[in-house]
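Read from first to last, the chains carry the letters A, B, C and D; within each, the first residue is number 1.
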Amino acid sequence: MITISVSQKDFDSGAEIRKIADLGGGAVASFTGQVRGDADLVALELEHYPAMTEQALRTIADDAAEKWALHGITIIHRVGRLQVNDQIVLVCTGSDHRQAAISACSFIMDKLKTVAPFWKKEIWKDGSETWVEERQSDLDAAAEWKGRA
Amino acid sequence: MITISVSQKDFDSGAEIRKIADLGGGAVASFTGQVRGDADLVALELEHYPAMTEQALRTIADDAAEKWALHGITIIHRVGRLQVNDQIVLVCTGSDHRQAAISACSFIMDKLKTVAPFWKKEIWKDGSETWVEERQSDLDAAAEWKGRA
Amino acid sequence: MAGELDIVYFAWVKERLGRPEDRIAVPDGVSTVGGLIDYLCQQDASYDQVFADRSRLRFALDQQLVHADAKLDNSRELAIFPPVTGG
Amino acid sequence: MAGELDIVYFAWVKERLGRPEDRIAVPDGVSTVGGLIDYLCQQDASYDQVFADRSRLRFALDQQLVHADAKLDNSRELAIFPPVTGG
């Protein structure tokens, strides 16, 4: 069961984990990303490419479901204006085996960081705005999955 | 901040994730293990070594905190009699970086499976009871962390 | 015959161009994403400024990520944007 | 002088022995966990049955996992149990 959600709404990680757990596998992994605390940060603006985003996330989930035996995958990503400590992203995976659940969760985050059409703009107290730059470590992490199960 | 809990009580994964998230890192990973569905299984009995268990879990958490820059680690493990789909274990880790959070969560589970003094007994519909055997894949997973950061 | 193509922009590409999209007629002889970028830069200095450093641009054709050498073929929508930074 | 040692059992080790613990006097000449197991098996057939396959036993001295060759030294508690299976 693959669930994809892209919206401005907040989400409840615990409720999402329970939904995946209720599918009956013994192992549920999750990753929650939130706006990191920074005294000078006023807000984060998450832009995306609406015509492409959900399909891009679905493709990542499909790839994960091919690599590992999963009972369920949930990917939630917020867009719009977010404050410090607001939740941004949730990935939750369920499997019979913990390593499959954890690896799939990690894979989905690594792919999401490099191929899903989201862009973050940081809005600072002094009024300046900066678009977040891509990080080599994210590219490296995504590249490492090539050929791995 | 390291939180260790070993008891018969159930736990709320979402609440534990929020507590770790509130420590301010941008990245929270979690693993939840539960009693896997099996039509012939009546219950699982979790026995432990009370004098040793908490210290063993704390040592695992300390090891993780040395390997990765973490804001918080929560390990909850239940003992006593559990039913199908009951939660058994939660590991939750918070960091500024997703790979640190996910790797630490995976490491803690792998170590927990091989050095924390818990034993599972399966109680079946026909009245038989079987002690769960250790799995080579768990030993291999724990051994793989040797020397890795 | 020249085809019509919608071009959509995101993040700082959109901000610097000052508009979210364009509709253009693809001229004969332009067959790839990279070729189209070259053509646009020749047409209009505003493109040339924003697209100056090609290494900082990413592309999608009909919502699929592609490289600059991808054929336009009968695509309806080209997206031009910076490297993604979600998650 | 022989020291007193508490031995605690878990899981099927406890079930098969039929008791959760013993207190024994460690005899002179027994200095390791493995040596103590050998000694117990010689003393009592019930130990011999449960401890027959040493590869299935794990040990902790004063709540620290140890191998069979670990010195008893002044330990107060030895735990004998099957491989752990939590999580």
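Following the convention adopted for this analysis, a contact is a pair of C-beta atoms (placed from the backbone, for glycine too) under 8 Å apart; a residue touches a chain by one contact, two chains touch by 3 or more.
None of these values were measured; they are calculated from a predicted model.
S.K.: Let me check something: if the centre of a chain is the mean of its CA atoms, which chain is farthest from subunit B?
M.R.: C
S.K.: With chain centres taken as the means of their Cα atoms, state the distance from subunit A to subunit D in Å.
M.R.: 49
S.K.: Could you tell me the distance, in whole angstrom, between the mean C-alpha positions of subunit B and subunit D?
M.R.: Measuring from centre to centre gives 27 Å for this pair.
S.K.: Distance from the CA centroid of subunit C to that of subunit D, rounded to the nearest Å?
M.R.: Spacing between the chain centres: roughly 73 Å.
S.K.: Do you know which subunit C residues sit against two or more other chains?
M.R.: Residues 87 of subunit C touch two or more partner chains.
S.K.: On subunit B, where are the residues touching two or more other chains?
M.R.: Only 33, 98, 109 qualify.
S.K.: Which of the chains are touching one another, listed as pairs?
M.R.: The set of touching chain pairs is A-B, A-C, B-D.
S.K.: Where on subunit A is subunit C touching in the complex?
M.R.: It is residues 33, 46-49, 51-52, 55-56, 77, 88-89, 109, 112-121, 131-134 of subunit A that touch subunit C.
S.K.: Applying the document's contact rule, which stretches of subunit D touch subunit B when the two form their complex?
M.R.: Result: residues 8, 10-12, 60, 63, 65, 77, 79, 81-87 of subunit D touch subunit B.
S.K.: In the complex, go through subunit B and note every residue touching subunit A.
M.R.: Touch residues, subunit B against subunit A: 12-15, 17-18, 21-22, 24-37, 85, 87, 96, 98-99, 101-102, 105-106, 109, 137, 141.
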